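In the two complexes below, chain A is the common chain; its partner is chain B in one and chain C in the other.
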Partner chain A sequence: MAIDYKGPVEYSIEIAIERICALLNASYFISKRSVALLILQDDKETEEMVVANEGEAVDKIREVVKETKSHFANAITYELALERQAEVKSIVDKAVKIKKESIGTRERLSRLTMNPLTGIPILLFVLYWGLYKFVGQFGAGTVVNFIEGTLFEKYFNPFIANLIIKIVPWEVLQGLFVGEYGIITLGLRYAVALILPIVTFFFIVFSVIEDTGYLPRLAMLIDRTFKKIGLSGRAVIPMVLGFGCATMATMVTRTLPTKRERIIATMLLSLAVPCSAQMGVILALLGGNPKAMLIWAGIVGLIFLFVGYLTSKILPGERPSFYMEVPPLRMPSVSNVITKTFARVKWYFIEILPLFLLASIFIWLGMLLHIFDFIVGLLKTPVELIGLPPEASTAFLFGFFRRDYGAAGLYDLNKHGLLNGTQLVVSCVALTLFLPCIAQFLMNIKERGWKTGLGISVFILFFSFTAAYIVNFILTKFGVIL
Partner chain B sequence: MSVKKIAIVGNPNVGKSVLFNILTKQYVNVSNYPGTTVEVSRGKMSINGIEYEVIDTPGMYSFLSITEEEKVARRILFNEKPDIVIHVVDAKNLERMLSLTLQLIEAELPVMLVLNIMDEAQKNGVIIDARILEKELKVPVVEAVSIIGKGIKELKDRIEAYGNRL
Partner chain C sequence: MLRDREEEILEALWGEIVEKKNHMCDISVLKDDEAIKQLTDLDYVEVKNNQVRLTNKGREEAKNCVRRHRLAERLFVDVLDIKDKLVHEASCKFEHLLHKGLDENVCILLGHPKTCPHGRPIPEGECCKDAKRIPKKLIMRLSELELDRKATISYLETQDQSILQKIIAIGALPNTGIRLIQKFPSYVFQIGKSQFAIDKELASSIYVRV
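Our next item is the complex of A and B:
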């Protein structure tokens, strides 16, 4: 079947199609009619395909396109869409019957989530109970305390330490496994006892939120704010996904229509959106100190808006327009939530475990060769400049490669009472803003190209440090006690 | 004989990946928002001993692509030359989605239409006569609720029959 496209008789789209089809000699997998239609709509890829295949006829084809366009006030795409929609309507009229129904509870709830008056309280409710209470206090607090504090520190670590000391005769080698930065006492403990439970809890909440269909509604809700910073509401989805894993989210920026939006989104994802592991540890770090938590959230939020706004001013390009389908609110299916959480946790764990173990080996080697002390010594000055104890250097050194490792390091420092409230906030701000993990750095380069990817990273390195410095300065200057 | 290729296409968030997971018994991530799939997944399926390669694509609204991931989906259609193109639509929003079906048919691609999420359509009072639709479009039309596996058996039968015709 084919739709009969009308328009002014002599210059109708049908005639243009016929003329173009006659000029197309090569064979295409799709019909010539389709190729002709796509060319009439200025489709870049199709044009390239035709240029590659047709040789001289291309100029004649372009002539037809130009002539046809001049007879239409609207874009050809628009004309075609209109006629196609009319055809659709006539088919639907024959095959579909719709019984009108009153607005259901679901529809009512759906509207509530998108109306700012009710939507913002709902958002706060989701953040408070879903993230703060469930992930932060229960997952990162209660559960981690049990696994890390009780299972690991009380039973597993002493047991392994004794065992290693018995079977490994050299003290140097013992240190590799069960020393201060040992593979088992630090690497494995960080991965299994700290990050794994936190991330699991986060992914559970995340999967539930995803499957209810809340995200697109959130997008509608904050579309206006996003427009101010040069993004359409569409970008909310990659942003929120960034709270799961910024690396994956950077890939999802492909759903954004303009290059400009994709760059702004990548930038913000790298800078001001903490990923699940970071988020979890930060919730755990600041969970006991609501004031510090609010300050952290406020600062990161402000930076997000500020940098987004600046970037959108600097970057030329079209302003975003927003259209998005809002899927129905649904009860999440338990099996999909479980499968999805499991798939994500597994993928995440497989990625971090070797890295965390490797970090222990590097630190061990570095200590043997005295390089470690040297590098930590180098970092001491900038770390002290932002008001942190020198012990934080290690966390930052490795936070450079994996933000979650750095965050776990901070968690350890805090547990030993080495950080006060101000230092907590400053270090959390610095680590949130800090350079993305290696994986995200590579993704930035893959998706945005060398220049932009590298540029973003260098900018972030300086920006995060400066921001931390300013935050520390202000908090200390005004004697804020947290 | 070479393995037959099946490409799953359609608007975002209509259940392409759910269908892919069921047909190939693999797992690709599924969510309730448009744009979960940004890359192409491939899997194998066999119906009565005949092997098929199934390709899951990112969502596309129209044949004329705007975003990066729509381009990815269209390139699959152009370059991979699938033997069957399964167009999955959300049955309750049929009117909005048929336009892409028409474009696929216009391109003379070997289209099959899957009316997915029929349960929600019925709940919303949308009653679709698949046979009339089939007559109008002149392509096979299958009703399904893929998340619970409803309609999958019929879909496989129709795929087999459609494949034999080629």
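Our next item is the complex of A and C:
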């Protein structure tokens, strides 16, 4: 349907459209009228397209646009929107009758989720039951124990190890596939037995939350806080995903509107958002010590806000603005949730699996060439500086290959009674902040480019140790016994 | 239509009779004045033994005359910055121009003042009574609108093309009905059947009329 755009007669938009159409010679995949309308509205892509195709006529077209603009006080986009709205209104008025509705239960519940007084308790309830209980305890605990502990360790790994040893004669190559850090025994096992179930459970919760329409409400609750760290409420989606898997969340930062927001979000995801696997181990380490847990959460939370605030001050670019439709709350349908979860898990798995296998190869190479011993030696000094036993440096190095793996290394140290309360807090803080796992490191580079991806990683390397050093210093200085 | 002199007499009577709460007023000085005769004929005043009394009709007319005079004074002092001596003189001439409707506009412009610059009360007009019922500002930013009050978008004001596009995308265009549902931590409003959440910057670019 074409609307007749009015305006002062001889300079009307309609006439400008006609004049531009007459000047357009090339053929486009949309009508000339549409091209003319887009040019009048300063659409960048269309302008580039016209500049590339029209040659000399471009100047004349620009002349028409300039002249047309001079006859309107407002932007042409605005004028067009007004005309369209008037047209829509005249149609709707004729065709639609709107009944008055009173505020029902649904609307009341919706307002409860948006009012900070009730909305924050609701958020905590959702986080506790959805993330902690369902994903953390049931998914990452019960289900992973069964798949990894029983299915893989008891049946699959021994079977495949035997098979490979029979087929591949060289011991070094055997190690590549089924050694301690083998592609199959580590890479595949992690991907299939650990990450896949955790992420599946996480996506189930996420799809349910998404389908109820809760996310935009969460976004509006948190927008004011996120503005302080250079993000808008929209960034709540990658941030929530980050609690599932920061690597996947980094991919989702694509949905943020500006480059500046994407960099800040990537930075924070790499630094201060613990993923579900890592969270599981940290909860296990600090679970018996509520005071230590509180200090850890407080420090990581503060660092999240502090680094976000600093980054937003340093990075140039316009302030983000927030607008989002708030759809009515709905009951999610089971089939939708299943379909979505399946599609996401599949997509995620295809993206992530090669990275896991690659990580295994790196570790295998590192072990083979004794590079790891060298790096572990390098890490000893900073590890001792932050008040931890030298054995912890192995945990940090492996932490890079899998963040949760590093945390698991700490878990072993703790089991052997090598860490006291303060050291536990310090090491958990350091490990949460420490370099993202290699999968995320590769994702940072893939999404943000070499310079930014590497820059973020180097910053985090220094920052995590500095922060841990300060935390250790303060806790020891004030004799806090945990 | 009353002439200037008659209006001034009504004003004086308002001061003597209504404000000083006398029942009547002695007008022996003006006994044979043409204006008094005119006012009597119009049924604004009743004269008995040199004592004059305002009729109900006259009381209403006197009130309006006083109101116009004192509004004019306020206008000269507050807006046009005319100094003491000239105020009375200028107001006396100007008040006669402030007839039905015009006085209301001046009253709205001045924000419904309660007293004249000399501290005497300005009688309330219809517009002042209305002003007590509806909020003082008719057009305001969406961010200043009361919760759950129905309003209509009047215009958008922003120099930022990207903000403008966002507001257009939401459909918050002039002459659309809008109702604010929440102000904190973000602004949530309803247009038609849809609800939207926006930040303060966007909410301050939308001007609404209640």
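Convention: the second predicted complex is superposed on the first by the 344 of 482 C-alpha atoms of A that agree within 3 Å, B and C clash if a C-alpha of one lies under 4 Å from a C-alpha of the other, contacts with A are read in each partner's own complex, and residues count from 1 in each chain.
In this text, a contact is a pair of C-beta atoms (placed from the backbone, for glycine too) under 8 Å apart; a residue touches a chain by one contact, two chains touch by 3 or more.
Note that this is a predicted model, so its numbers are computed, not measured.
Asker: Let me test your reading of the model: by the given contact rule, A:Lys154 touches which partner, first (chain B), second (chain C), both or neither?
Answerer: Neither partner.
Asker: Report for A:Thr339: first if it touches chain B alone, second if chain C alone, otherwise both or neither.
Answerer: In the superposed model, A:Thr339 contacts chain B only, not chain C.
Asker: After superposition on the shared chain, which partner residues are touched by A:Arg111: those of chain B (first), chain C (second), both, or neither?
Answerer: Once the two structures are laid over each other on A, A:Arg111 reaches chain C alone.
Asker: In the superposed arrangement, does A:Ala75 touch chain B (first), chain C (second), both or neither?
Answerer: A:Ala75 contacts chain C only, not chain B.
Asker: Looking at chain A, which partner touches more of its residues: chain C or chain B?
Answerer: Between chain B and chain C, B touches the greater number of residues in chain A.
Asker: Now for A:Ser34: first (chain B), second (chain C), both, or neither, which partner does it touch?
Answerer: first
Asker: Which partner does A:Pro216 contact after superposing on A: first (chain B), second (chain C), both, neither?
Answerer: A:Pro216 contacts both chain B and chain C.
Asker: Thinking of the overlay built on chain A, is A:Gln85 touched by chain B (first), by chain C (second), by both, or by neither?
Answerer: Both: A:Gln85 reaches chain B and chain C.
Asker: In the overlay, answer first, second, both or neither for which of chain B and chain C A:Lys227 touches.
Answerer: So A:Lys227 only meets chain C here.
Asker: Just which bits of chain A does chain B share with chain C as contact spots?
Answerer: Comparing the two interfaces on chain A, one with chain B and one with chain C, the shared residues are 77, 81, 85, 89, 98, 216, 324-325, 327-328.
Asker: Under the definition above, what is the set of chain C residues touching chain A in their complex?
Answerer: For chain C paired with chain A, touching residues are 156, 161-171, 173-176, 181-182, 184-186, 188, 192-199, 201-202.
Asker: Would you mind writing out the residues of chain A in touch with chain B in their complex?
Answerer: Going by the criterion above, the answer is residues 1-3, 28-31, 33-34, 37-38, 41, 43, 45, 49, 77, 81, 84-85, 87-89, 91-92, 94-101, 210-213, 215-216, 237, 251-252, 254-257, 262, 324-325, 327-328, 330, 332-333, 336, 339-340, 343.
Asker: Mind listing the chain A positions that touch chain C in their complex?
Answerer: 42, 75, 77-78, 81-82, 85, 89, 98, 110-111, 114-116, 216-217, 219-225, 227, 232-233, 318-319, 321-328
Asker: For the complex, which residues does chain B have touching chain A?
Answerer: It comes out as residues 11-13, 27, 29-35, 38-39, 58, 62-69, 71-72, 74-75, 77-79, 81, 94-95, 98-99, 102-103, 105-109, 120, 124-130, 132-133, 136-138, 147.
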